[in-house]
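Each of the next two complexes has subunit A plus one other chain: subunit B in the first, subunit C in the second.
Up next is the complex of A and B:
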C-alpha cells in the first residue's frame, strides 16, 4: 500500500515538473514571442488599410482579405462602432473585411497606432499563451471632392493566442509559435 | 624398566625440540618469500611509475601530432592506476593543463570557422536579401509584382517553404509559422516591411532554391 502511495506521488510530481519545464521560457524567447504577436497585429493593420483603400485593385484586395482571415482563429468577430450609434455591431472577420472593402466613400484612410499590450501573454493550463493587445484606429472617409465626410478614433482590444506547434518540413521537425488573433472588441469611440 | 623410563622422558623433549626447530626454520622460509614478493612488487611499481612518467613526458613533448582524444585516453589510463607518485601527479597536472588548452584552442577554431562560414554564406546569399528589400520598397503594386515575378525565378516552385527564425539560443530554435515563398513575397509587398536576413538556403541540382531559412534582425 505504501509503495502504491509513493508511486502515485512520484507520478504527480513528474507531471508537475513537466509543466514547470514547459513554462520555463527564457526572457529572450518570451520577448521574441511577444514581438511576434505584436508584429501580427501590425500586419493586420496594414492589411486593413489596404482593403479599405479604394486604390487597391479588387483582386489584390480579395487576396489580402484571405491573408488577413488566416491571422484569426475560426469564428472570431470584429466590433464596429459609429459616433452616430450607441450600439456596437459584431461581424465575422471575413464579413467585416468584405464590408470594409465596399464602404460607400470615395476614399478611405485607416490608421492603427499605439499598438501595445494591455495584458501580457500569460501561459494557460493547456500551454497556450493568451494576452490582449490594444490599438487605436483612426478612420477617415472622404467624398468625391476629397472632403472629409466622417472621422472617428476607436480604441479596440484584440485577444491574442500563441501556441507552440510542430510540423515536418522536408523531413525536418520544426517547432514554431502559432499566433492567432481572437475577437476585436470596441472599447470606446470618440471624434478625435 | 629404567630404559623404558628413559624413553618416556626423552620422547616429549625431542618432540618439543623438533617442533621449535620446525617453526624456526619454516618462519625463516616465509620471511624470505615475503621479502621476495615485496621486492617484486616494488620493482613492478617502479616500472609502472617509470612507464607513466615516460608516457606523460611524451604527451607533454608532443609537437601536435597526437590527437587530443589519444592524449586523454593515455592520461585516463595512467590516472586509473592510482600510482600516487609525486612526479607522476605533477606531470598529470601539466598534461591536464595542456589538454584543456588544446581543447579551448579547438573550440575557438571551430567558432572562428563557423563565423567565417556564416559570413561567407551571408555574402553569397546577399542577392536574395536585395530582392526581398526591392519587393518591400516597391512604390506601386505593378512594380512589386514585377519584382516578385523576377524573384520567383530563383525558386523551384511557388510552394518552396520559408522558415523564419524568431529566436535562437543554443539548441533552442523558435520559428514563426512556416509559409511559402509566394505568400512571403506577397507579404513583403503588402506590409512593405523586410526585417529579416537570409540564414540558410538549400538548392536543387539546377541551382534553384528548394528551401529558405530567414532570421529576424
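Up next is the complex of A and C:
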C-alpha cells in the first residue's frame, strides 16, 4: 500500500513538473517548484511546533524529529544568533531539534506568522537549483504557574535545494524534481 | 500633479498595509505589517529595486503589466533607504531615485551582473590571538550556474607587512644589472631585511592577501572562528555607489536597506572596485 502511494506521488510529481529538465525554468515551473518547497517548509514548521510542545510524548517527539531530519540534505546546519549577540552558533539539524525538545519550560507555544517569502531559484555550478524561504516564528515559554518567562520572534531563512532526479516505474524512466531543505539561518528579531 | 500624489499615497499605503491573501502557516493573526514591509532577503532588495514583485512578495515576470512599473518602483525605491542613516542626504536620494527610475532610461540591478560585492568580517585565531579580517566576495559563473567566490582579503596584519617603506631606502633596493656575473652572490641582500624583500621583485608584483590567508590556514597558524554582519557594495548604477546593510529593528523601515549613498566619478569607481577585486 505504502509503495503504491509512493508511486502515485512520484508520478504526480513527474507529471506536474514534466519538462522541467530544461536549463531555464519557466515561471509556471518555478511556481510549481515553489509550491513543493513551501510544502516542505510547512511540514518542518508543523514538526517544530510538535517537537516543542510539552504535551507531545517523548517517544512521539523523537519520531517527529526523525521525520523532520528526513526533510534535510545530509549535513545541514542551523546557524543561530540573538539580538544582542551577532555571533552565530551552529547546530546540526537533529541537535537543534533535540535542544528544542529539551527546553526547560513548563509550557511552550510556537506560532508561525502568515508571511512566507520565497526567493528566486538560482542554479549552482553542479546544476542543482537553490533558493531561500523566509518565515517568522513566535516562541513563548511559560513557567509552572503559567507565567510568560521568555518570548521572542525569530526570522528563519531556510535553504531549499531542488534537484532533477529520475526513477524507474514499470520499466519507464520518470523524471521528477526532488526538494530538500538545507542550512537554516535563525535570526532573533524581537525579544521580550 | 495632485492626481499623481494621490496615487503615490495610495501606493504607499498598499505597500505597508498587512497582507492577508497569501497562503501560509497561519497560526498568528496579529499585525504583520512590519514583516511585510521588511526587505527580508537580498533577493527581495533586487526585486523591489526593480519592481519585480507585488506587495505580497509574489514575482512579476516580463510581460506582467506591473513588471518594472515606474510608479510602483519609485515607491519601492523610497522604501529601500535606511531612514536613520546620517550618510544619506535627502536631495541626493531624490536625485538617485529620479536617475534610476528615469522613464526613458531606467537603471535596474542585475543579480548576475558584475560590480556588486559582499563584505563580511571574519574572526580567526591567528597565532593564538583573536583577529578580525574582512572577506570580499563576488558571484562568479561556472558552467550554467553561479557561486560566491572570495575576491580579496583585508587584514591589517598582512597589510602592514607590505607597507611602503622609506622612499630613499626603497630606491636602493635592487640587484645591480651585473649581479649574474657574480653568480648572484648579493642575493643575501634580498632576505637580510625582510621588510624590503618585495622591492626586489618585478614591478608587476602585487601581494595577494588571499594566498597569505589560505597559506596561514593550511599551515595551521590561522583557524576560522565566526562571521560578523554582512554588507554589500553596489557599483551597478553609473555615477553612484551605495552600500546595503541589514537593519534588524521594529517598524516598517527594516531589513536590507541602502545605508550609504555617494556620487562617484568613473575614476573613483575604478579605484574602489580595485579594492574589492584587485
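Definition applied: the second predicted complex is superposed on the first by the 145 of 192 C-alpha atoms of A that agree within 3 Å, B and C clash if a C-alpha of one lies under 4 Å from a C-alpha of the other, contacts with A are read in each partner's own complex, and residues count from 1 in each chain.
Note that in this section contacts are C-beta pairs under 8 Å (C-beta built on N, C-alpha and C of every residue); 3 or more make two chains touch, one makes a residue touch a chain.
Fair warning: this is a prediction, and the values are worked out from it, not measured in the lab.
Peer 1: Which partner chains sit in contact with A:124 here, subunit B, subunit C, both or neither? Use first/second/both/neither.
Peer 2: Second partner only.
Peer 1: Is A:93 contacted by the first partner subunit B, the second partner subunit C, both or neither?
Peer 2: neither
Peer 1: Answer with first, second, both or neither: which of subunit B and subunit C does A:113 touch in the superposed model?
Peer 2: second
Peer 1: Is A:80 touching anything from subunit B or subunit C once the two structures are fitted on A? First, second, both or neither.
Peer 2: neither
Peer 1: Using the touch definition from the top, say if A:179 reaches subunit B (first), subunit C (second), both or neither.
Peer 2: It touches subunit B, and subunit C stays clear.
Peer 1: According to the contact criterion defined above, which of subunit B and subunit C contacts more residues of subunit A?
Peer 2: C
Peer 1: Once the shared chain is lined up, is A:29 touching subunit B (first), subunit C (second), both, or neither of them?
Peer 2: In the superposition, A:29 contacts subunit B only.
Peer 1: Have a look at where A:155 lands relative to subunit B and subunit C in the superposition and call it first, second, both or neither.
Peer 2: second
Peer 1: Once the shared chain is lined up, is A:169 touching subunit B (first), subunit C (second), both, or neither of them?
Peer 2: first
Peer 1: So subunit A touches subunit B in one structure and subunit C in the other; where do those two contact lists coincide?
Peer 2: Overlap of subunit B and subunit C footprints on subunit A: residues 42.
Peer 1: Can you name the residues of subunit B that touch subunit A in the complex?
Peer 2: Within the complex, subunit B contacts subunit A at residues 141, 161, 163, 166-167, 169, 172-178, 183, 186-187, 190-193, 202, 210-211, 216.
Peer 1: Considering only the defined contacts, which subunit A positions touch subunit C in the complex?
Peer 2: Listed in rising order, the residues of subunit A that touch subunit C are 23, 27, 30, 38, 42, 45, 49, 83, 86-88, 111-120, 122-128, 132, 134-136, 138, 155, 157, 187, 189-190.
Peer 1: Under the touch definition given earlier, write down the residues of subunit A that touch subunit B in their complex.
Peer 2: Those in contact with subunit B are residues 26, 28-29, 31-33, 35-36, 42-43, 46-47, 50, 56-57, 60, 63-64, 67, 167, 169-170, 174-179.
Peer 1: Show which residues of subunit C lie in contact with subunit A when the two form their complex.
Peer 2: It is residues 19-20, 22-30, 32, 35-36, 40-41, 43-44, 47, 57, 59, 61, 111, 142-147, 226-229, 248, 250 of subunit C that touch subunit A.
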